[in-house]
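Here come two complexes built around chain A, the first alongside chain B, the second alongside chain C.
Moving on, here comes the complex of A and B:
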C-alpha cells in the first residue's frame, strides 16, 4: 500500500529526514517510536503534504501513485488520513458541516454524487458511538473549546467518517488520560480491517498496549534504525532510548 | 502557499460586470440649478420637491468634501457626472410582458426573479422587488398583493406623486440635507429609489427588496429610500446592488431613512456588491452612503445587517437614533476588502431614550493590498438612563500587505450606562487551511468555510435567500487571497 524509499526531507534548509525506508501493507499496523526531535512528526507532515517541508530525495508510492506529486487534498481524497497531534480550531464552522464538506469533496473526486443528508446523518450517528463522542460535539464548531481528549476523539471520529485507507496517528496518545486513551484506541481498533493500514506515531509504549502493532520501527536522527515485532516496544520502554543510541553508535 | 495560486485566483472575474445594451435617456453632464430643474421636470415633480432640491443644492455649494475617513481616492469631478439616466422608453408598465426583454435578461443574469407568475405555479416567491436601473425604478413586483394589506411599496418617484403627504412628512426627518456633503448632494439630485410604508398593526407578509443596478457609463447613482413602519408594524427589507466593470470610477451616493413608530420593527439587510475595480485598483464604484434610522417612539427596533464586498471605496455608517424609551438598535456587518479596495464603515448608536439597547457586531476581512476600517460611535445622552451597548469588532487579515483598523468612539453622558467593547484581530492560519486540506477540502473551499465560520453571527441575521447568496459572494470575493 505504502512504499517509502530513501526519503529525505528538510525544513528551512535543515535536513530532518535522512533516508527513510518503510513498507506498509494493507491490514497492517505499524508503530513508529523515537525520541524527541527524531523526525516522527516531520514524517507524518511530509506524508500528509505539508508545504513547509521540502522533499530533497527519495520517493513515496501509495497504491501505485506517486504520493509526493499529489496536493494535500488529493492525498486525502486518495485515502490518506492524518490524525493531528494538535487538532486545529475552526471557529463558527460546525463539525457536521466540516465533515459533510470533506466527505462530498472526496466523493466528487471519485466521481460520486454528494451524500444524501439523511444518509450522512445516519453515518454520523453510527460513528459517534464508536468514539463515545457526545452528539453535541458534532454540532459544535470544529475543535473550538474542546478539551484535549475531545479533540483527539474528534480526530478518530473524523477518521471513522472518512474511512481512509491509510491512517497516520501523530502522537494521538499525547495529553490523554487513561479513559480517553482506551476510547481512542478502541475506536482505532474497531476501524481496522484487512483493507486498510495504520501508522501509529508515539513516544510511549503505553498506547501500544491498546493498539497492538504488527511491526515496531525506531526512528532516530531521521532514519529508521531498528524494526522488530511488538516486543521491541517493550524493550524500548524498559531500556530507554539510550540503548538505541549506543547500538547505532551515536 | 504558492504565489501562483494566489495570482490565478485574484484574476478571477467580477461576475456581474456586463453592460446591458439599453437605450438611455440622459441629462447633459454636470451639475447646476438647471440640471436640478431638468431632473425635477423629468420626474414631473410638484413645486415643493423642486424647492427642497434647490435648497439642498445651495447648501451643498457651501460644503467641502469630507476627508476624515481612512480612505484615499482621487476627488470626483462633480461636473463630469451625468446626474440623470433613464432606460428608454420610460412608460408606465402594467405587466412584465411590457418590460424590455434586455432588461429582463439583465436581471436573469443577476439571478433575480421578477416573475410574479411563479407565485401562481406554486413555487411561491416570498420577495417583492423594486428594481432601480441607473436613475429610475423600472419595475415593482407584488404591488397589488401588498396594497391589499395597506402596504405601500413603490418607487420614490411614484410616492412623490401619489403619497406626497407621507413623503413631505418623513423625507429628510432622519437625514436632513444639512447632514453631510453627500447627503446634501443626494437631496439635490436624487432620481429614484424605493418608498415603503407599513400601516399600523401590519406585519409585512413578504420580504421587500430593492435591487440597484448602475448601467450607463459616466453616470452617478443617487437614490433615496424611505421606510416608515407605523405603530405595531413590521417589515424586513433587502437591498442588493451591482454594476458593470468600467475603467472610470462611478459615484454612488445614496440616502436611506427609516422611521419606526411605537412597537414597530424594521430589519434592513444589504448585500453590497458594486464593481470593486480591477486587481490593480483601476475603476470601481465610490460608495458614499448615508443610512440612518430613528426609533421615534417607545419599544421600537431597527436592525441593520450588511454584507459589503464590492466598491472601490466605501464610506458608510448605517446608524440608529434610539429616541423612544426601550428602543433597540442593532448593527451586524461583514465588510470584505480585497486587491486595492478601501472600506471605512461602521455605525452610530445614539441613545436618547431610557432603557435603550444597542448591539454592534462588525466583522472585517482584509486581503490583498486593501484597507478595511471599522469606525463606530456609541453615544449615551444625558437622561438616557440604563442604556446598554455591546460592541464587538473583529478583524481578519489574509496575507501581509493589507490593513485592518478600528476607530471606536464612545461618548457617555449618563452614569447609569453600561457599554462594552470587544475587539480582536486574527489571521487566517496556514494551520487551519492545512487541516481542511488534509480532510480533502481544497484551498478555495477551505477559505470559504473558514470565512463563513468567522462571519456566522452576522450571516445568521440575514434572511435565508440572502444568506446563501452572501456566503457564495464571500467565497468569490476572497478567492485566492491567502498567500
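Moving on, here comes the complex of A and C:
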C-alpha cells in the first residue's frame, strides 16, 4: 500500500529525514517510535503534504501513485488521513459542515454523487458512538474550546467518517488521560480492517497496549534504525532510548 | 469667461445650483442657507483632511454633475431590490420619497411614515429635525441639510412594538453624473421597539451617482431599535452615508453595516449616549474587491454614567481595494462606570490591497472599562492545511474560513431570520 524509499526531507535548509525506508501493507499496523527530535512529526507532515518541508531525495508510492506529486487534498482523497498531534481550532466552521464538504469533495474526486443529507446524518450518528463523542461537540465549531482529549477524539471521529485507507496517528496519545486513551484506541481498533493500514507514531509504549502493532520501527536521527515485532516497544520502554543510541553508535 | 466656467469646481457649482433653485425648495429655508454657508466654509474635504484622507471624495465628485435624476424605474425593477418579503417598504428613488412604490397604506398602530416633504410642519419632526447632525461638524451633513430633496419621517409612538421590519430602499438611477441628497428622520419614542433596514441600491445607472444620505435616529428612554445598512451599489455608485443617532436612558440601539459592493462607500456613524444605562452595539462587515474604497468612521460618545457600548467591525480585502476603519470612543468626565469595547479585524487577501485602521479612545473619566483591539492578517495557513488534509480543495478551505470570519458579524443579527439568510447567501456567493 505504502512504500517509502530513501526519503530525505528538510525544513529551512536543515535536513530532518535522512533516508527513511518503510513498507506498509493493507491490514497492517505499524508503530513508529522515537525520541523527541528524531523526525517523527516531520515524517507525518511530509506524508500529509505540508508545504513547509522540502523533499530532497527519495520516493513515496501509495497504491501505485507517486504520493509526493499530489496536493494535500488529493492525498486525502486517495485515502491518506493524518490525525494531527495538535488539531487546530477553527472558530465559525462547524464540524459537521466541514465534514460534509470534505466527504462530498472526496466523492466528487471519485466521480460519485454528493451524499444524501439523511445518509450523512446517519453516518455521523453511527461514528459519534464509536468514539463516544458528544453530539454537541460534533456540531460545534471545529475543535473550538475542546479539551485536549476531545480534540483527539474528534480526530478519530473524522477518521471514522472519512474511512481512509491509510491512517497516520501522530502522537495521538500525547496529553490523553487513560480513559480518553482507551476510547481513542478503541475507535482505531474498530476501524481496522484487512483493507486499511495504520501508522501509529508515538513516543511512549503505552498506546501500543491498546493498539497492538504488527511491526515496531525505531526512528532515530532521521532514519529507521531498528524494526521488529511488538516486543521491541517493550524493550525500548524498559531500556529507554539511550539503548538505541548505544546500539547505533551515536 | 468660458475658460472660467470650465474650471468651476464642484463646490462652486453646488453653490450656484443652490442660489438658482432655493426658492423652489421646501422646509426651513433659513436653515438651508445656514447649512450652505457651513458647506461653503468647509468645502469638499480633500486628501489633506484628517477625517477623509483615505477616501478620495474629490475624485468621486470629479466631473459635471446634475442635482436630480428624472429617470423613472418600473415596479418590476424596484421590486427586484425588495429582499425582505415580510416588511413595510419605503422607497426613496433618486433622493425622493416614492409614494407610488412605497407600501405604507395599512400601517400597524403606533407607526407613522410620512414623506419628509409633508412632515415639515409636524411638531415632532420640528422638535428633532437637524438637532443632532451638526452642519458645522461635517461637509456632507452641511451639504445634505442645504440640498436635501426628499426622504422619509418615521415616528414610532410611545409603547408601540412594530413587529415587521421597515425596509427603506435608497435607489440611485441616472444616465448622467448625479449628486443626490436624501434625508430621513426616525423618532422612536419611549418604550417603543422597531427594526429598520436601510439598503442602498443602484439600478439602470449608466453614469456616476453620488448618493449623500443622512439619517437621524432618536432613541428615546427604554426604546429598542435594531438598525441595518445593506450597501449593494454597483461600480458606478458612490455612497456617502451618515447615521446620526442619539440614545436616551435605558435604551438599546444596535446598528449593523454590511458593505457588499459599490465604487466608494463612506459611512459616518455617530452615536451619542445621552442618558444612563444605555446599550449600544455597532457591527460592521465590509467585503471589498476590485478598486473599491470603503471607509467606516464611527463615533461613540459616552456622556453619562453606567452605559455599555460594544463594537465589532470586520473586513475582507481583495485585489486593489482599500478599506479604512476609524473608531472613536469618547468617554466624558461624567461617564463613570462606562464599559466600551471595540474590535476591528481584517483579512488581506492580496498584496495590492490596503487597510487603514485607527482606534481612537479619548477617556476623561477614571472609573471605566475600555478596550480596543485591531488585527490584520492573511488567512491562517495552518487552518487551510488542516482542511485540505481532510480532502477540501484549497479554494473551498479558503471559502469556508472567510465565511467563518464573516459569520461572527452575521451572527449579531438576532430575530431577523429572513435578513440573516439573505446576507448569508450574498456573502457565500461572494466567496465562490
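To be clear about the criterion, the second predicted complex is superposed on the first by the 250 of 250 C-alpha atoms of A that agree within 3 Å, B and C clash if a C-alpha of one lies under 4 Å from a C-alpha of the other, contacts with A are read in each partner's own complex, and residues count from 1 in each chain.
In the analysis below, contacts are C-beta pairs under 8 Å (C-beta built on N, C-alpha and C of every residue); 3 or more make two chains touch, one makes a residue touch a chain.
Since the model is a prediction, treat every value here as computed from it, not as a measurement.
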Figure out whether A:126 sits in contact with chain B (first) or chain C (second), or with both, or with neither. neither
Where does A:177 make contact in the superposed view: on chain B (first), on chain C (second), on both, or on neither? neither
In the overlay, answer first, second, both or neither for which of chain B and chain C A:91 touches. both
Contacts for A:246 in the overlay, against chain B (first) and chain C (second): which applies, first, second, both or neither? neither
For chain A, what residues appear in both contact lists, the one with chain B and the one with chain C? 48-51, 71-73, 75-77, 81-82, 84, 87-88, 90-93, 97-99, 101-103, 105-106, 109, 141, 158, 162
Chain C touches which residues of chain A in the complex? 48-51, 71-73, 75-77, 81-82, 84, 87-88, 90-93, 97-99, 101-103, 105-106, 109, 141-142, 158, 162
In the complex, chain C touches chain A at residues 380, 382-383, 385-394, 396, 400-401, 403-405, 407-408
If we count contacts the way the header does, which residues on chain A are in touch with chain B in the complex? 48-51, 71-73, 75-77, 81-82, 84, 87-93, 97-99, 101-103, 105-106, 109, 141, 158, 162
Listed in rising order, the residues of chain B that touch chain A in the complex are 1-2, 429, 431-432, 434-443, 445, 449-450, 452-457
